[in-house]
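So, here's a batch of structures to check.
You will see subunit A twice below: alongside subunit B first, and alongside subunit C after that.
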Partner chain A sequence: MTTEYPKLYFEDVDLGDEIGPVVLSVSDEQVVDFCSLWGNPAPNRFTDQAEAERVGLEGPIVPGIMTMALVSRVLTDWAGAETVADLDLVFRGSVPHNEPLHMGIQISDTSEDDTGNMVQCDITMTNPAADRRYLIGTAMLNLPSRDAA
Partner chain B sequence: MTTYLDLHCHSVASDDSRATVLQYLKWINVLRKRGFTIDGIVLTEHRKFDYDIDYSQLAAEYGVLVLKGAELDTCFGHMLVYNVTKGLGKDIDFGDVKMDGRDLIQAAKHHGGIVVPAHPGRFGIGLVEYMEQGVEFPDLAIVERVNAGSKPEENERAETLCDNGGYLGTAGSDAHLASHIGRAVTEFKATVRTEPELVEALMSGEFRPIYIEETAAATIG
Partner chain C sequence: MPTQIDYEYDHSLYGVEHQSGPFEVTNDIISVYARSVGEDNPIFVDRDAALAAGYADQVAPPTLCALFERGELPDIKLQFGRRQFHGGQRVTPRATIVAGDILTASSHLKDVYTKTGRSGTMAHVVWETTFRNQHGTIVADVQRSQVVRE
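Showing the complex of A and B:
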């Protein structure tokens, strides 16, 4: 699932640039594995239909922190390890298992200051038709400069 | 002169937004480089209004009109208020999420403002839900017909409301991210430069809701 990108520098990005398209999918097995590692073993609302319905969900959902981890990995695949300075996501709907998850990532701001070469990305995750929004948010990346390379 | 305004957006002054006003203005210049036309925005922060904050210098720097309104919670859904005055702020508690929307409509009118229900087709919380329960809004003439943050079926309900109820319709992005600003705009036949002029333009009925893509034709023409 990992996409190979060339090393990214601050000078390579510009306001309005888009990353992707990136399409993710999370299987039942991946959620079970995540919950096991996380210390929340199945069955629970993330893995089991009956448990999900018991708490008012239509079906099992992808845990929020797993979704954040996936988003973070997309960003580090693109920008490189240790570039994500901040990730701020607002969930607008439950993220389903086994469905295509379309991520939109756009560069919404760039700045150079004492903290580094900062790039802000707007992030959305939707269904393929983009009429179901699962999350919106922003990430702040600190990219290396070619001048320092 | 035609004016294109995004009548519904939120800066970080709203708790669920992640965009600053500066980022919106930068993004509008991205849209302009892509061939779209947008003259300005109206900030409609949730449940509040800052009388003191002044964006005129920033607006001039980026060549984008920045007006201020509010999006208030009412017992009949969210309502956009344009030309907020201190008098209105004295009569209405902006933080009262259960206020009667009909009182807000009356109070805004009394103080020279105007109320436009936001995303009226939204399931569970939109104005259409309450109209279907028999609630009447005799002083209402305009609703938000196109909300770029709504689901297609929710905008279809708003369109049906306008077409069957005879309401005029506005458009706005409902942006909470910088890259979402301007996705839908209201095209006014008149020049709009201030909040009172915005109310005048809305009262005139000489406007229509459009998606940003439609403004590309305006640029070419």
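Showing the complex of A and C:
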């Protein structure tokens, strides 16, 4: 039995609620750190300008699974550490380093069933100033109820 | 039942499970992962805080197992396209992963399908991986979509 107290209860949210935009940015050093974990040491297209250009990119990009980890972080910062039941992302464009990444979350459905108190969220990551859309997706969160607290 | 597409590839891969691992989830892996994405939840960054909260060790953030999903998977020999990119990722956490866990992965080809839009035709190659811990408990399902374009 763990005792981490929830940040958000099911009763606190409603259909249509919006969170953000949360503006993130990923530094070169963060990407190098991340790449060191998954057997993709620098230099590579994620960390090096020349390597990125060699494969047709404008510059080094943030790996997809790192972008997913950032989205997950924003969700757990908002809702609590162990609330993510499903995260499904479609990458629409390469995510650059050192640029503002505007992440938006909107609640698109809520339901209570045998699996829990489920909150479905639509997710976007964009850079409005550059007219770029980096990802779309959905998350399913399982939130605790105040009734059970 | 796989989607029917106009391009040839190795259909014999359907129904075959590809095993990889073991992957040890260490405190160092969790800490570097957490630091690189700006994570500051105490149970993800501080072993003592996780222990105090009742966990067996430092807790892995929900999508960490995707790090281990890039095992050697076979070439499906798709007779289409030249340029590949990561088109999508889905993670469904099933149980808490903590430092000290030893994960194994079982992956299979889930589907290959095409979509045609303004920029042309793209083929999506979808692999599905199930991660289990040292107790045989399923801890996460992961889907990865690799996109191939003309």
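By our rule, the second predicted complex is superposed on the first by the 141 of 149 C-alpha atoms of A that agree within 3 Å, B and C clash if a C-alpha of one lies under 4 Å from a C-alpha of the other, contacts with A are read in each partner's own complex, and residues count from 1 in each chain.
Quick note on the criterion: a contact is a pair of C-beta atoms (placed from the backbone, for glycine too) under 8 Å apart; a residue touches a chain by one contact, two chains touch by 3 or more.
The model shown is predicted, which means the values in this text are computed figures rather than measured ones.
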* Asked: In the superposed arrangement, which partner chain does A:16 touch: subunit B (first), subunit C (second), both, or neither?
  -> first
* Asked: Touching A:120, do we find subunit B (first), subunit C (second), both, or neither?
  -> first
* Which of subunit B and subunit C A:44 touches, first, second, both or neither -> neither
* Where does A:76 make contact in the superposed view: on subunit B (first), on subunit C (second), on both, or on neither? -> second
* Asked: Should A:30 be classified as contacting the first partner (subunit B), the second (subunit C), both, or neither?
  -> second
* Which partner, subunit B or subunit C, touches the larger number of subunit A residues? -> C
* Asked: For A:88, is the partner it touches subunit B (first), subunit C (second), both, or none of the two (neither)?
  -> both
* **subunit A positions touched by subunit B in one structure and by subunit C in the second** => 88, 90
* subunit A - residues contacting subunit C, complex -> 1-4, 24, 30-31, 33-34, 36-39, 56, 63-66, 68-70, 72-73, 76-77, 81-82, 84-91, 94
* Structure fact -> In the complex, subunit B touches subunit A at residues 16, 18-19, 23, 26-27, 30, 33-34, 149, 151-153, 176-180
* Over in the complex, which subunit C residues touch subunit A? Could you list them? => 29, 32-33, 35-39, 41, 43-44, 53-55, 59, 61-64, 66-70, 83, 85-93, 96, 143, 145
* Parts of subunit A lying in touch with subunit B, wherever the complex brings them together -> 15-16, 88, 90, 106, 108-109, 120, 122, 124, 131-133, 136-138
